[in-house]
């Protein structure tokens, strides 16, 4: 789950990390009011920043500097309601629904600071770089020696000396060094406290008067922790997410939209990916990734079917279930129930293997509905591709 | 021979009275696995299926029934504590089936298990089976057959798929292991490769990877360094778009890293036979072993 | 540093541990008012509990059960201002300055629960026993099998399964088991959060309606953490402490009053104890333990001298300084300065060894003051004993 | 020979620019100790006494000067972090002189050092000296003399007292170690006894204990189990009243446990020569070695 910049900055502030003064606005007039307040307090210019979940906003025109409240209003008007295309969105872009208006900062130094999971070392890692403002992947590719890393020991957490070591490593001394070391500890704590998968400040700036300020803010939350974090669930902006993905997640299904023609319903993420791969090999194109999960009941499968049918350009459906923790009979019942309720105007290919598969196949065969049954994955993919053409 | 579990393994099931726990415990018992105890706090004293004693704590199960392997079906909110309880009680292997455990919980759990000398398999995994000896997990036992192939996979159902093929081609398995689809697994490909290398009965290894992370690249490094067994590999997710989590918490292409193409390249260069369809895994292994 | 029961219970409550309803009072009228309120809320009797730092109050008459507000007032009157003698105080007892009035509880089970440092295992340990109400040392001596222990891993903290294991081990089931496991985790957290050296609930009771309640509460704070805990320093009740010890600690000196005649001023705790032991062997008796510490300046030593001179029954002073981190010259200056300001009417034996000792001895010899110098500890003790008789 | 430190040891001093740190660093250098670096965050780049380079971090001192032993004079509020920094930077021995570190900080620090394979000596200790080779601590060097006695003590000044006696009687020391007066010391009597047992030059051990805890009883158990060297011991605090902390955070008789009498009994029963006055420690050792 991703948070907006303005949400992330509020969490930063609660942790004691300094951010520019500002406010969020969802109308040009509101943006102007925030800007007037900031200019009144002495700002010489303000930043107008589109609040969308995609990164790389600057390159897409989603960040603009305004020299007056009027200009801030104008920029806001130009952003709100439009589709913002950035290197991280598709060509269709994402809709801008609100902007953050912030006092401009007097930047002396731009740094990068992030905390994420280090999968190889199986712990959190703090990443810092003197190359602030650039995407960290680019820095990693072009100037790897500019990237500093400190592993966070799972038992002990990030230590003071590690924060100091990073701050000195960034070439800082004196007041900025101490300020940066403090922010590093605060950010690592925030990462832990929020059950994050990523917290990032890019750029973290040192101002002309030695203050350390988070000019940008990015927080991703581990979806697996949301069951214990109702406070974070409230920050979820569903309008930023694909409607079908949201609907799927409400039914504990994992769905990702793709642009092909063959709808897939598979149990298990690995098998789902392999099924997509197999469709491609057979000359077709998958319309989606859909994992009915490890403990799918008849109801879950029915819900999965409903979501699947809503995909555009659908020409065939391939159901591939290999029973383990999922039982074939449940799946079969779900399919039959769903086809009772959902109108299906494309051919359905079903492959059922594993636990209780025989019982499931029997149920499908005994039903009055029409399926194409397949034995192997290969055969199932070929049949679906054939039927989709 | 086999690795991780065999006919001597004494299993305690944590969460034995839950819906999934009880179903799969029955299946394991039916397969012939020695399930010696169950644990559900508050249900100590009852008997599961009129024969398996249930305890309040894992310590009791270890002390009274000599359990040395834990199989964990506890819901995500309590799973981290359950795995640590198993490790603290001294089981040598904890198999955590549970899906959806927060990643930072797992960071702690993995380190905790290491500090206690307990091997953790999973979480979010199908478990481990040594065909004909013991099944500690949720895989369908009947597709497996005793033999000489070691199977390692980040996936569940895709593994059953591969095993089914192997069995149909007459290639039985020493042990088949699902290491799980989470970003912080207790046991890695590398761990399993090393165990198979020391198992005299394993003649070849099937490695089923997927997008995300660098576990396959790390496996490739070990294989490149004079690995004694032939390895056949399939990597799922060639069609997966970047930045999207493909079901498994660990299956995500992040910052341009973790693509199927990279992984296949690393494995190929290490001498692995990489196949582009899961349908031909068994066939590829047959060719290698007969060639 | 010790906290009073009422202070500890407030901290318990903040942590979510249930304690009996009640209030603290320092006059009989106030006690009656609290009691009236409790009876009004349905209490059938109230406990009147003397608030002193010593344990074993029950045996000394410091805990009484009153059946009416009038009786509570009467009991309070009988306690306030009196000296309470318990197995843990000297024969002179401790003065009662306030009482805690609490609603009586309906006890089904009495347990013991404590968290302290396990020095051998170098971590915190949770101790639980089904023998509530008894001193845990007695249980340890008489019925060791009734004591359960769980070590707290320094990296991971007390785990949920450990709390459950303890609660089941105490023979609890159902609601009380879950309640006790929760309190165990809360108490371990409190121990950590407060930088405690001991937190103890004795007895922890299970009421007739399955509630888990801390009937008593004891918290000791690690003195070494007070520099970072101004909030805890505020809870310190100096009236419970020896005035000279308090004065000494204000000067960063460690002082313990004893009942002998020879005042000791030594640097280093081990040497100070050994000096006391040596005085005893030489036939004398030490008036105190006084460690001038590891970084004593001239000022510190002068302060030490002032405190030393206030002890009753003082017949001689033995100064034994073996220089290491303390420098002999500083000590000598301190002695000379102090003797300029403090009237000394007993003989002073000085032994100075180690770092800068020669310089120190020279300073002492050149001063106009009168000292008996000694070469060895043995000689110094003998001379002091001789002069004190 | 000696244990813990010798002429090859390369010392980094943390808190080298503070008042105590600079005084005692000078004393150590004067004694002949190889002080190769200092660390004070923010003072990196300066030179101590115009010759010892000062760094901002211990890692730098280890990388650039090959320091393998840290001596720590950092105030209590920052000491735990300083010790962990030393351990993380890879020094093999960290000697923490600082007094007044919270006990729960030390619980964490001791476990941290173990996890990093670093031996911690102290805190609240005088350090360690191998006479004629290296002094890493605050003890007065001149009372020591090279020889064959190992000294271990929870005290500082009382140790100098004992060493002074030994030296005057012609009994030099291989190494003298103050393990410190805190309840959670990094190095125990038992650790030191084991190191001395493996040092071919150490012919006898002086063990100076005090009230509180069970470190002396644990030492007695090791000695009773065929300890190869004669041990003379004095326990301070026979006159200490129960329940009072006698200066050292660890010197307290709690719940009737930790008395001098108990400790002396345990040591005597283990075959240790226990003396009742510190004044006769040297004499007792002389008699044993000559008898």
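By letter and in written order, the chains are A, B, C and D; residue numbering begins at 1 in each of them.
In this section, a residue touches a chain if its C-beta (ideal position, glycine included) is under 8 Å from a C-beta of that chain, and two chains touch if they have at least 3 such contacts.
Here the structure is a predicted model, which means the values were calculated and not measured.
K.L.:
Could you name all chains that are in contact with chain C and with chain D at the same time?
P.N.:
Per touch definition, common to chain C and chain D: A.
K.L.:
Name the chain whose C-alpha centroid is farthest from the C-alpha centroid of chain B.
P.N.:
C
K.L.:
Taking the mean of the CA coordinates per chain, how far is chain A from chain C in Å?
P.N.:
55
K.L.:
With chain centres defined as C-alpha means, what is the inter-centre distance between chain A and chain B in Å?
P.N.:
Averaging C-alpha atoms per chain gives centres 28 Å apart.
K.L.:
Hey, how far is the Cα centre of chain B from the one of chain D, in Å?
P.N.:
49
K.L.:
Return the residues of chain A touching two or more other chains; collapse runs of consecutive numbers into ranges.
P.N.:
153-156
K.L.:
If a residue has to touch 2 or more other chains to count, which residues of chain D qualify?
P.N.:
108, 111-112, 115
K.L.:
In graph terms, with chains as vertices and touches as edges, which category applies: line, ring, star, complete, or other?
P.N.:
other
K.L.:
Spell out all pairs of chains that touch, sorted by label.
P.N.:
A-B, A-C, A-D, B-C, C-D
K.L.:
How about chain D: which of its residues touch chain C in the complex?
P.N.:
By the definition above, chain D touches chain C via 20, 24, 27, 76-77, 97, 99-104, 107-108, 110-112, 115, 126, 138-140, 143, 153-161, 164, 181, 183-184, 208, 210-211, 213-215, 218, 234, 236-241, 243-251, 255-257, 276-279.
K.L.:
Can you list the residues on chain A that touch chain C in the complex?
P.N.:
For this pair, the touching residues of chain A are 154-156.
K.L.:
Quick check: in the complex, which residue numbers of chain A touch chain B?
P.N.:
Listed in rising order, the residues are 88, 117, 119-120, 122-124, 136-137, 140, 153-155, 192, 195, 197, 222-225, 227-228, 254, 256, 258, 266-274, 276-281, 286, 289, 291, 293-295, 321-326, 353-355, 376-378.
K.L.:
Which positions of chain A touch chain D when the two form their complex?
P.N.:
Listed in rising order, the residues of chain A that touch chain D are 153, 155-156, 159-162, 164-165, 168, 173-174, 177-178.
K.L.:
Show me the residue ranges of chain B that touch chain C in the complex, using the header's touch definition.
P.N.:
On the chain B side, the touching residues are 41-42, 44, 56-59, 78, 81-82, 84-85, 88, 108, 111-112, 115.
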